[in-house]
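First chain written, first letter: the chains are A, B and C, and each begins at residue 1.
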């Protein structure tokens, strides 16, 4: 079994304790308290953090010293037999994402297009932009990154399944795997590296792919001339260096992203996992603040990256008169492949 | 041509009678596991008077009559156990009246659930009836003949509690109005404050007469309907959860279900909670009350709400089209269930029994319970799917269902829509004087014993 | 389990639960199965047929004339396939009915009307037993030229060629194609039956022969694109001909006319009328063409398009499908499809029922007469309505 490569000495010597000090869901009096709690976790002792962490992934981004506070919290929770979400919900996730041989794979040569276990991704990964890779789509539990189980503090499931998923892609002969979900890319890069799991193919982040393709299709782009608010997903916290791509892509297609309070490191969770882990009151509060913030920017659209965020927030966003749209669909709109009115 | 056939043609015309092998074969069976039995004639009346004449003829000639809706009880209740006439009521399908202010509808004895639903949607969108999850082709009268339930049963009781009047053709041929329509033009009460004679027909499985008209209560159709899905793996906690939830008095419908497949449902029990409102604020408030009520179970990690986004369209359907799909799980076109009515306290024992029986008889199971009247009792379905081309599997299902009924009776439950064998088991356990009363009523109403014979038959 | 008889999809037949969703449209407003509506026995519903077919496969019932009538009363409207709640086999319901009819043909156990129809096609190339030479008569006065390598072949079909109501429809389309400058020609006396009904009635030998001959004929003449008057022909050209080596680009005339109107090649004047549109099963449910006829009607200034309670995917058949147009097994009783449908049309308050299929045109015109609605409702082809709007 793989083990988390957590650098305890680096953590012990941390001058900032940003991992917890910056947390949006827990408060600490200052560096000493936050650092103290983190060290308790490092030592495997009880800490209120283990009770209260909302699993937003943010500490993975806040830690600038290359450590993995969130994976450690999840490891410790599991070691102590704790459940973040109710037990039946945790097990439901484990069961429903189990490999059963019910996968769908197209013709994979060098490249595979990972659609995870999210049907919406199969639809997104089509059209002119994905012309060359759509036929190489792979969908199913066999190709699903198991990162979601970190929310439920079941790192054992991640460690057990991730090597199998990697092996499944390898069996397809894929040299490159284009990940349509941040979580997949984050898993093949950040999580795999944190656990020393070898990834024998090149994971490609779909926004990198998207940006390149949109540059190639530049002649077809008709700038959309709209304002949008971006919903940054938790899994983007695993790969913070990729965050700037959103702006680059949106710039290219004429979408303005006005500044708002809950952006970048300060982005808010879509609320879906919060509802399970921390209850509806926190989830409702977070969603309300997030949406009001979007509205205040004068945005016309709410741009999603993660289909789970989109599914969780679409209806609510629409009620606030914002049009919910995935960033890929925005690109399709810009090249005239898709009507402007979405859902 | 026999004299009986001639007489029947005289009553309903040539297109209203059949004794061809095709119709006789079809009307000899239902989709459940019971053995078919051929009728002699299938007859489709169009009016109450047609029914009256057919019953009079049957009485004279001592021919059994089995009134039938869509034949979907799955318990063989319209199999003509002793031959005779199967009375296909579906051509009497008119919606006769809707009294908007008094919130009731009057329909004919063969009107289907689906047609009434569509009619109300078109003409009285502010009103609804308690539609069952049976296919929409099933008829309202048949549902009443077996004490059916529907979407509003949690709030208002068995669908038969919602009846507001009856027109019945008695086994001896008299046309009889029951309740307020026996005194005047209004169909607002099936009995009270009169002695409630509707009890002689509702739930009798067509053994005491043919329902030709029926009045039923309609209820406000709220602008918004929503659903939450709570899951737990602690079956022992379910009665308490349901007790707390019903205390709220804000739930439209509550279904508790479990099934081994697909994997996402494995090892968990699911409580589907429907609630309605006329404003978003009302919905938000009700949701908050529901969440707060179950918060202790979330705190203890024993239960939680799952995201319903993907399942919502399916959950919101009325009737739920996906329910019939259980029949195709063994790629075989059938399922049948025993649906005893019992107290909520017994949920864990019944749930264990389902799993035990499925393992013992090597059959696929699914179970769904519906709360009745705010939790006074529930219908607990023990469903087994089968492959119609596998007689051995059908036999195993039959045994499993018999054992389920025996278990329900041991537990003090009441079998719902019992087949003729289960009726015998029930009568064997029934208070002797109650059984005597049942027999007295039947004998008096149906001296020739022609109405759906073989059912509720003593000796 | 081994059956005494066999059909290709025999292994599916027992999976029908006969729950009856197939009898209804999506929202259950009325029975949407034409034969169940007309006869009222469960045996005449799709579920009933499935169960009876299983009984016959099992030798529990014989292939009697009544069994044949039950099967041949199916109007092949495809409602059942769309409403069946069993996603894994719903698509095969119409196939199973058709395959059983093939066996009835093979065993010679078909209703007399079916036998006569098939015989007429085999002998005369059309069900009307009229001379082949008269097949192109409808085109007189349209200025439409015989087909000689034009861009499109305008294929009219038997009903459009020989039936008075159908001919009227065909002429309107022909004239509009000429007026809009579309390069199209017709086959006239060289045209033969498309075979759609022959296939659905189960005569696969005759069907294969007709299709083979037609494909050869089309290819010889260099036909690449076909405009059909009849949605039944559209259906068979699109779905069956490619399987036998004939792949053509096939359009229904409403698709072409809608395009011409959009391109402003057919000018339209004001034509004030309340119109309802009846979806032909072979255009709508079978081929998902719901838009173009409506686009045309909406483009006519003054036309108010009102929908019938059942429309598009849920439209109720006219009763003419599955060969019933010729065999008349469904009959003309009070609950026959055509009569039910025109009553539904009347309830919209429309003055005109627009149709896009010659069989529907005839079935509904007859039903209007039977229902005594001649003063209230007029049945007109979409092209005829366009012509009226252009005449002003």
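Here, a residue touches a chain if its C-beta (ideal position, glycine included) is under 8 Å from a C-beta of that chain, and two chains touch if they have at least 3 such contacts.
Remember, it's a predicted structure, so these values are computed and weren't measured experimentally.
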Required minimum of steps from chain A to chain C, each step between chains that touch: 2
Between the pairs A-B and B-C, the one where more C-beta pairs touch: B-C
Centre-of-Cα separation between chain C and chain A, whole angstrom: 52
Between the Cα centroids of chain A and chain B the separation in whole angstrom comes to 47
Roughly how far is chain B from chain C, centre to centre by C-alpha average, rounded to an integer in Å? 39
For chain B, which residues are shared contacts with two or more other chains? none
Among the residues of chain A, pick out those that touch two or more other chains and give their numbers. none
Quick one: which bits of chain C touch chain B in the complex? Just the residue numbers, please. 1, 14-21, 23-24, 27-30, 39-43, 48, 51-52, 55, 60-62, 64, 66-67, 70, 85-89, 309, 333
Note: in the complex, chain A contacts chain B through residues 83, 85-89, 91-92, 95-96, 98, 100, 272, 275-276, 279-280, 311-312
Which residues of chain B touch chain C in the complex? 15, 18, 20-23, 25-27, 31, 42, 44, 70-72, 88, 90-91, 112-115, 117-119, 121-122, 135-138, 321-322, 324-325, 327-328, 331-334, 387-390
Residue positions on chain B within touch of chain A in the complex are 231-233, 262-268, 287-288, 291, 295, 297-298, 301-307, 309-310
